[in-house]
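Presented below are the structures under discussion, each in the form of structure tokens.
One chain, chain A, appears in both complexes that follow, with chain B as partner in the first and chain C in the second.
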Partner chain A sequence: MSGYFAEIFSGAKSLASGMGITFRYMFKPVVTVQYPHATLKMPERYRGHIELVKDPESGEPKCIVCGMCQRACPSGCITVAGDKLEGEKKKVLSKYVLNFTTCSLCGSCVESCKPGAIQFSREYNLASTRKEDYTIDLLQRLREQR
Partner chain B sequence: MNLHSEPIRLLAFLVGIIAFAALNAAYLVWLERKVAGHVQRRIGPKEVGPFGLLQPLVDGIKLMTKQVLIPDNIDPILFRLAPPLLLIPAVMSFVTIPFSETLVARDINLGLLMIFAFASINVLGILLGGWGSNNKYAVIAAARGVSQNVAYEIPMLITVITMVMITHTLNLNEIVRQQGGGIFNWYIFRWSANPLMLISFLIFFTCSLAETNRAPFDLGEAESELVAGYHTEYSGMGFGIFFMGEYANIVIGCSLATILFLGGWQCPFGLWPGVHWFLIKLYILIFTVILIRWTFPRTTIYGLLNLSWKVLIPFALFNLILTGAMIKIWPMIFP
Partner chain C sequence: MSVLASSDCKETFVLNLGPQHPATHGVLRVKLTMDGEYIRHAEPVLGYIHRMHEKMGENRTWAQFMPNTGRLDYLSALSYNHGYVLAVERAAGIAVPERAEYIRVITVELNRISSHLVWFGAFILDLGGFTPLLYAFDDREIILDLLQAVTGSRLTYCYFRFGGVYNDIEPDFITGTLAFIKRLRERMPMYHNLVTKNIILIKRLKDIGFVPAEMCRKYGATGPVLRGAGVGYDVRRAEPYSVYPELDFDIPTYPEGDCMARYMVRLDEIEQSMRIIEQACAKLPDGPVMAEKAPKIIKPAKGDYYAAVEAARGSFGVRLVSDGTTTPYRLKLRSPSYSNLSLFGEASRGMLLPDALALMGSLDLVIPEIDR
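Moving on, here comes the complex of A and B:
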């Protein structure tokens, strides 16, 4: 019989303290980000799809068209092509297409790139209903970023 | 034209009561979602209108434009009868609620009895809705709803009998009138009538939560087990009416708690009694109901019935005996 009242009392106490907690939480600041209206900046090490790195001096892509990334990619989603222009020593990047539909973001391409010409972007707003949106022309993307 | 003539009075109160019930149903959903949001540190509805205030309107339009799907092999009469059977008693109960001393649709002597008579029809709506749907989840939910309502009607009615023994009347307006002149005349603080008045209030409040199938007693619509409970097969406005009935019942339950224990339209410090005090107390109670829903997890059916039969009913019965003893013994000690 004594256990009966003790249980009711402790139960009522815990219910009251629970309601106290939710009541206090009601007045705490909101922690959610209102996504389409406000976005978070992705952290430094966020691994989005890859992007080309610009050479700060010339403004051109750092890529030397060695093709190592293309070879390192386990799913073959990178297509690189370069032209040998008149009067230039090195090849110049003419095409860098990433097929993001098969990319698994493993990072082998970034690891294999000796000159450090590709890096992970911090792009994450990638939802689309069309397949073509995921064939990303990275060279064009770099030019548009200027 | 005489504004106090009977047809005009009837029409005004009819429109007023239906508008009050419908607006409450709509805006309590909004309030519920806002409270739920802020308890979980979210915002809640915010897109439609300022602070999401037009959200209930848009939801209503959506519900009305939905196709009303009627499944095969149902009981056509019972299926259509259930939603109104849930809503009409709830709206009818508003007839005797005294919003202020003069703002009562019908100040009848048996107001309290009438509300409880209609409250028990409410169970029939749930049962018929579940039974008529030809859906096993709906039937299980209806059976749960009925067993729960039967279990909680007993302590609730015993508490009400206790109150009637103290007030000597079933007229709700008269009960409020007895509680005039400050906060210590409210029945929740009338220690001289019964020292356990606070417990009476808690029993009544808990029972009204269970009667309206609100969380944590919402076993009738336990989503994880029973899809949507007894209104699984209802779509469009059929579901909407169930929803409105449920919220109207919450308003009725909280109104009764306000009238019986918290002094209705009386002011806590004896000044300017009126409809505003009734509404303030009513919405504080409704807010508590909402906060309870977003604080406590759902109980089990056994926990629910145990609480009723092992805790609430013994306490309510003890209260009844104590009150009877107080009524007889108190005048003997202090003649």
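Moving on, here comes the complex of A and C:
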């Protein structure tokens, strides 16, 4: 019988100590960020969708249209095309489309790119209800950034 | 069982638990044959989110399967990354630099803590306590921030590579990790005061949901479920890989085999993981993080290879069959939750429904890993 009352006593004590903890935490500062009024800064290595890198000298994309990223991609979400202009030795990038709906941000494309022509963006506000919004024309995006 | 034996009620009914039920943590359906509030028979129905990961592996190159491994168990994705790269490295004979091994251990153990914290919060939530979840997520958030700064992602990591890791860690990461461990050490007593000593939790978990060692053997259950039944089996010690043999840590075991034992194993494992991280941070050598001779195109010699790691939920094994080409011939994934769930039918027989949910929560199931 004494065990019965001892358990009631210790049980009540355990509940009170738990309530004490939550009570103390009530007066501690808020740990969440009040998005969208405040936003977080994405770290240097944050993996947003990929983007093309500009050549600082010419202002053109660094891409040499080798197609390595396209081949490295596990889900085939990159489409690259290039034109061979007359009088020029190298191909010139004419199309770089990313289908972000199937991208899993593994980084295989960035890793496989020898000239370092693609990098991860820090874009994360990508919510949309339309599928087309995730087919991203990276070449056009680069031109608009100028 | 005694309850069923004494019951003279012949009438039973079928209760569907899931596939959309908060206590199943995903799309798991359990067909329960109930005798009043008691379970007569429980049959897990799987396959709602089967994505054919193994088949996908046969249709892409060895490296292209990497992102899939992060999507099996979303709570401890790095362990699964680790299991796969370990198997391929074994197959292709790639040596990993020591620094990369230490980075792998630090990140995997951080991921294990974050996984256990989510389990802790979600498990208490299953039992009807909402507040601890918020505290656990507060701590987990710091781990996610730390790992995000290194890997670039917060949940479905794809950080390890054959022969090393994607990129080196920064000194900030080590200081941040050690600061986090100091913080979590200070908070662990709070967790125990708030939850472990709580009389309601003790009443819900103690002597509930027996999973004895023999049952674990029968179904192949591993991880905290097995250690909660008193068997000190841990792949990190039983089949050492990476740099675990150089690190000093204990394998917490509790012989009771009830829900409380599994609960205590996981909380103790958080402490052990913190010890591992501290030692690994202290021992972290300089050097490259990627093997210089790692081939760009992987073509393992013909053969059958296996590697296992201790994931947060138990032993995760990868069996590879190579025919010497750039794609795997067969890729078999042995996931721990699948075995851990299999024993639910037998273990829950004769239990009260709310107790069975406590048992299910204590198994720490992650459904995408069961339905690969």
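Everything below uses one rule, namely that the second predicted complex is superposed on the first by the 137 of 146 C-alpha atoms of A that agree within 3 Å, B and C clash if a C-alpha of one lies under 4 Å from a C-alpha of the other, contacts with A are read in each partner's own complex, and residues count from 1 in each chain.
Criterion: contacts are C-beta pairs under 8 Å (C-beta built on N, C-alpha and C of every residue); 3 or more make two chains touch, one makes a residue touch a chain.
Because the structure is predicted, anything quoted here is derived from the model rather than measured.
When the shared chain is aligned, no partner comes close enough to touch A:Q70: not chain B, not chain C. Legend: residue contacts after superposition of the two complexes on their common chain; A:R45 is shown touching chain C, with no touch to chain B. Comparing chain C and chain B on the residues of chain A they touch gives the larger count to C. When the shared chain is aligned, chain B comes close enough to touch A:Q34, but chain C does not. Look at A:T79: by the touch rule set out above, it reaches neither chain B nor chain C. When both complexes are overlaid on chain A, the residue A:T22 reaches chain B and chain C alike. In the superposed model, A:N99 makes contact with neither chain B nor chain C. Applying the stated contact rule after C-alpha superposition, one finds that A:S121 touches neither chain B nor chain C. The interface of chain A with chain B overlaps its interface with chain C at residues 15, 18, 21-22, 25, 31.
Within the complex formed with chain B, the residues of chain A that make contact are 8, 15, 18-19, 21-23, 25-32, 34. Touching chain A in their complex are the following residues of chain C: 60, 63-68, 70-71, 131, 135, 138, 141, 145, 148-153, 156, 158, 161, 166-167, 190, 193-195, 197-200.
By the touch rule above, chain A contacts chain C in their complex via residues 7, 10-12, 14-15, 17-18, 21-22, 25, 31, 43-47, 72-74, 104-108, 111, 120.
Listed in rising order, the residues of chain B touching chain A in the complex are 35, 37-43, 46, 291-292, 294-296, 311.
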